[in-house]
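Handing you a structure now.
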Amino acid sequence: MGDQKTKIMFICSTAPYGTIYEQEAIEAMIMFSSYEQDISVAFIGDGVFSLKKGQDPSLLNIKNFTQTYLVIKDDFEVSHLYVEKESLKERGLDESDLITEVEVLDRNVLRQKMDEMKALLPF
Amino acid sequence: MGDQKTKIMFICSTAPYGTIYEQEAIEAMIMFSSYEQDISVAFIGDGVFSLKKGQDPSLLNIKNFTQTYLVIKDDFEVSHLYVEKESLKERGLDESDLITEVEVLDRNVLRQKMDEMKALLPF
Amino acid sequence: MLHIVKRSPYESSALNDSLKYIREKDILLLTEDGIYSAKKGGKFENLIKGVLQNNKVFCLVADVKARGISESELIENVSLIDYKGFVEKVCDHNPVTWG
Amino acid sequence: MLHIVKRSPYESSALNDSLKYIREKDILLLTEDGIYSAKKGGKFENLIKGVLQNNKVFCLVADVKARGISESELIENVSLIDYKGFVEKVCDHNPVTWG
Amino acid sequence: MKFGILVKESPYNNQAFDSVYHFVNAAIEMGHEIIGIFFYDDAVYAGNKYLEPPQGDRNIKSYMDTLKSKGVRLVICVAAGKRRGVTQDTVNESAEISGLGQLLELSIESDRLVTF
Amino acid sequence: MKFGILVKESPYNNQAFDSVYHFVNAAIEMGHEIIGIFFYDDAVYAGNKYLEPPQGDRNIKSYMDTLKSKGVRLVICVAAGKRRGVTQDTVNESAEISGLGQLLELSIESDRLVTF
């Protein structure tokens, strides 16, 4: 696969639980991270809800898969977790509502990051 | 199934081709109509696009299933085809854009029809 | 009529579509991703407050808890119900599901 | 960047989401139910006209024909392309699909 | 009361079938009767007998079996199923394959038809 | 150019796989290389060998066979497939089952990755 790391961004824009996209996106992130590429994850739109504190899907018999984000940088070597500031605001959320430390970016800055990517994976 | 006819309304609110809902809704209408109940179909929202004149999905290798609406009242004894006026207007359409004769109703009137139904089937 | 909305209002027109058909004595029930409509401080707060002037609005508690929305984060006068409450509402009103 | 929008703008936020990220030199490609965005007289006519001031907007011809939208029903300056045109646009721009 | 259920969404892509499961369990516990669940559109995938969910994940097959054990009829639409590969050869033994007439019957015989 | 394709949507519920089919045929005709189509999420249902579409309807299985005959690799995600009952026992012979590493490889080896 060559020496240079490939820059890949997951664009997570769906809410958790109502659909499976975010759960299977995380499964992909975990697998990707073991190949030592440069993986980042951008949360925009409803994707920011995946990082909301206090999730407890036990009444639905669904596992809280978003807990993986707590360790995704340390255990799985994902390089960056970006959150779009405008999407947080529109949903009445701020950084203190999120389960883990992230880089909150203005939409314009996030767009510049997208321009650096080899591949964009929307989920 | 008793003597009284049951009033059932299909609420078609999805555009054709992009998803399969409208195609399978028609398959259900056809089957239902052979049981001599009182079946009506309401087109609201993007559902009105199913009745747009000039559809030709041959380039997609998809059949033009909406042609069924041309005969659904005569051949399949569907009682009513209702179209919501406001949805047409919002999409820049009017009655002359539609493939078949329908009853164009104000939303309020359509809502009153819904109140008379035993069961509402959204597609 | 019981209007069931199960999609996020941020990505789907389901909430708006339901509100076009809501009338006096109808109930709005938010389930699955639909519960985000009822979050305080979100984009739909004023819309839901408007609905509450004429209609009752319920959220399914299992869906609210799953998504980490605490009771204090819900718009005032939105009520929580469990699946049994959901069943009761369907007994009382003919249901229609949006989106 | 090539922004691909495949959902109806009337029921999905995909078009709006794409426009938040569109920048100079980007292209908007409407496919599948996304092509309804480009219909003259529809709710999104002004929005698309605004996009056209800075960006090119294309519709996939197979999807437009399927849905019975004639060329004269499309907003002016929206261009039709076939699948080969779609492939060419992807060659020229990194694609991102919305919704 | 007598309930009929129509489910249209794919069991893994959407939460819809989970909601059906919890709704139906609550209704039965309250003494209501579920006269049937009709699986249409992509919901027919719930009737596939080959599902092998990972441990700790939602188990659609066991949901089907539980509902069946409570006496709920699980009807997979024959036409929607055939198109999607859910047929007599591949259907979960808790489910049955039948025609759209069954959905009409649910609409007629139930006091309420609920769509998920 | 080298293209990689990711398809996420259910083949019957959505038009996505139809769009993939037409896009890929056009690209091949133009002399481009398709290094693979990765089926993820509900798109894995396209790999089921039991599909029996009605006459005159879209035929997902024949689309798969045609793409394969043109030399396109059709990769069904093993984890997404297992959950949904698309496994070694049920997979269409034109498709292969493999891991998410294949999607990463498409992202790296292709000039463009297109998502449907």
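Going by the order they are written in, the chains are A, B, C, D, E and F; count residues from 1 in each one.
By definition in this document, a residue touches a chain if its C-beta (ideal position, glycine included) is under 8 Å from a C-beta of that chain, and two chains touch if they have at least 3 such contacts.
If you're wondering where the values come from, they're calculated on a predicted model, not measured in any experiment.
Of all chains in the assembly, those touching chain B and also chain F are D, E.
Between chain E and chain F, two chains of identical sequence, the interface residue sets overlap for the most part, with shared numbers making up over half of the total. Ranked by how far their CA centres sit from the centre of chain E, the chains are topped by D. When the interfaces A-C and B-E are ranked by how many C-beta pairs touch across them, A-C comes first.
The chain with its C-alpha centre at the largest distance from the centre of chain B is A.
Once the centre of each chain is set as its mean CA position, chain E and chain F turn out to be 28 Å apart.
If each chain is reduced to the centroid of its CA atoms, chain A and chain F end up 25 Å from each other. Averaging Cα coordinates per chain places chain C and chain D 33 Å apart.
Multi-chain contact residues of chain E (touching two or more other chains): 12-13, 15, 22, 41-42, 57, 79, 113, 115. For chain D, the set of residues touching two or more other chains reads 6, 10-11, 13, 32-33, 62, 94-97.
Touching two or more other chains at once are residues 13, 17-21, 45, 60, 62, 119-120, 122 of chain B. Under the touch rule stated earlier, the contacting chain pairs are A-C, A-D, A-E, A-F, B-C, B-D, B-E, B-F, C-D, C-E, D-F, E-F.
Residues 12-15, 18, 22, 56-58 of chain F are the ones that touch chain B when the two sit in their complex. By the touch rule above, chain E contacts chain B in their complex via residues 4, 6, 8, 40-42, 79-80, 99-101, 103-105, 107-110, 113, 115. Listing the residues of chain A that touch chain F in their complex gives 1-2, 6, 8, 20-21, 24, 27-28, 31-32, 35, 37, 118-123. Across the interface of their complex, chain C is touched by residues 1, 3, 15-16, 19, 22-23, 25-27, 29-30, 32, 111-116 of chain E.
Those residues of chain C lying in contact with chain B across their complex are 1, 13, 17, 20-21, 23, 94-98.
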